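Each structure below appears as structure tokens.
Heads up, the next two complexes both have chain A, just with different partners, chain B and then chain C.
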Partner chain A sequence: MFKELDPILHSQLRLAVMSLLISVKEAEFTFIKEKTNATAGNLSVQVQKLKEAGYIEVVKEFKDNYPNTTCRITQAGIKAFEEYVKALQEYLKVGQSKQ
Partner chain B sequence: MERTDEPLSPEESLRLIESMINKVKGRFNEDGHLFLFWGWLIFFCSVAEFILFHFYHYEKHYLVWSLSWVALAYQVYYIVKKHRRQKVKTYTGHIIGYVWLTYVILSFLIGFLIGRLIGDTYFLHIFPIILSLYGMPLFLTGIILRFGPLIFGAVCCWVLSVVATFLPYDYQMLMLSVAMITGWLIPGYLLRAKYQRQ
Partner chain C sequence: MQDEQPLSEQESLDLIARMINKAKCDYEDTAISALMWGGVITVCSIVAFIGVKLNMPALDNIWYLTIAAVFVQVIISVREKRRKRFSGYTDSAVGGIWISFGIGIFLLSYYANKFHVPAANSVFLILYGIPTFATGFATRFTPMTIGGLACWVMAIAAMYTTWPYDILYGAAGAQLAWFIPGLILRRKYQKAKKGNV
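Now for the complex of A and B:
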């Protein structure tokens, strides 16, 4: 029986954001935007969804008089990401054994 | 290219994860600026102290080290500015920051302890101890960044600390100058080159 892939993570942009954040301590919104090639609007929506799921923390503050958003992955986010990768590996194992 | 919200196949998901992790994996935040700054400063101070002490027999030869306080103020300013400028904070950068904080705390603590325990002649023992201490942050930073020249520089500091114990006091100062070249300036320029190539 396949474990269902987490629908929050199983989306291109949200998965890209989580993969970036799992590798660093924290990253600014502009850095994530640059690395994912996403538009600010789309990225904001996806970041908000990850935040609502409790997978990331978002801190909004002022830096040199400009608004600045910083994101970091939470413990729940790390756990969800690890489970997602495990589930992917299961899918791939089954796929390979069928060939 | 804009990322869409279309469903991914397991292979595509893994490829995406790998590519995003690779974008930050080898990221190198160390430009060697503080290595070069402190390397040159301590190099000049130690050479100046040697000249004042050895050739001019100037009693207050140690006054050249007052420059360190100005340098320390600049370092605090530089770190605060760099911290604010950084768009991403890595775990390696975080750990390296604490390694250097430990080093600064230990430097002050050991300076105080030597003064308290040995008394007026503390300065006769200070250089070998400082040299052995210099090796610690260099070695750990080299290991964390996987940067061989820093590890080599650390080993040089430790060797020089032992050599210094066999030398008269004024030549011990020059061991500090040599340590700056091998442990701070050469790795500092190599770090800068690596950062600029990135």
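Now for the complex of A and C:
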């Protein structure tokens, strides 16, 4: 029986954000925006969805008198990401054995 | 990047690999600190050696240059922290190692001057090796790991070398531990910077 792919992660931009955040301890919003080539508006919406799912933490503060948003993956986010990758690998294994 | 584009399993894995690689390739270490300390310790060691050989004790005051370098280091660290847009898992651990090294080297300098420790250059080189090796090991930056090992080899060599020639091992250690890895890191940083433009 296949595990269903996590719908929160199975979306291009949210998966890109999570893949970036899994590699670093924390990253600023501008860094994520640059690396994903997303628009600020779209990225804000997806970051909010990840935050609501409990996969990331978002900290808003001031840096050099300018508002600055920092994102960090949570333990729940790490677990969900690992399970998502495991599920993907299972799908691909079955796909290859059918060929 | 759009959000609602349907992804195949293979596309998802490719995207994950691509984004992890993008984060990895974003070298934000400017290597200025490694270059500065490699240069300062090399210059101080060579000038101190010349001072002994030419019987000019005043040249030993060159070591005060390291105090000036500490102030420059503080400015560099503050600027780099402001500029940095992400932090890695090893950043705070590596920072802690270098702060403890700075305090340790300050105390050791005081101790070596007060009690006239024999073969003090060996002790300094042993200390140089610790944070250098730990940083290279934690960040998987092989030139720095080798640099740390080189410091310990130099420390052994300095134990069997008569004064003042053992001072020159300090210069060699600084080159191998900081200046050369700094140059390699700087090249990587500039290459990554060009790629991001």
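As a working rule, the second predicted complex is superposed on the first by the 99 of 99 C-alpha atoms of A that agree within 3 Å, B and C clash if a C-alpha of one lies under 4 Å from a C-alpha of the other, contacts with A are read in each partner's own complex, and residues count from 1 in each chain.
Note that a contact is a pair of C-beta atoms (placed from the backbone, for glycine too) under 8 Å apart; a residue touches a chain by one contact, two chains touch by 3 or more.
Since we're looking at a predicted model, the values are computed, not measured.
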Clash or fit (per the criteria above) of chain B with chain C on chain A: clash
Which of chain B and chain C A:42 touches, first, second, both or neither: both
Partner chain in contact with A:19 - chain B first, chain C second, else both or neither: both
Touched partner set for A:28, first chain B, second chain C, both or neither: both
Residues of chain A that lie at the interface with chain B and also at the interface with chain C: 10-13, 15-16, 19-20, 22-28, 30-31, 35-38, 42, 63-64, 85, 88, 91-92, 95
Of chain B, residues touching chain A in the complex: 1-8, 10-11, 13-14, 16-17, 20-21, 23-25, 84, 87-91, 93-94
Contact footprint of chain A on chain C as seen in their complex: 1-5, 7, 9-10, 12-13, 15-16, 18-20, 22-24, 26, 82, 85-89, 91-92, 196
Residue ranges of chain A in contact with chain B within the complex: 5, 10-13, 15-16, 19-20, 22-28, 30-31, 35-39, 42, 63-64, 84-85, 88, 91-92, 95
Touching residues (chain side chain A, partner chain C) in the complex: 10-16, 19-20, 22-28, 30-31, 34-38, 42, 45-46, 63-64, 85, 88-89, 91-92, 95
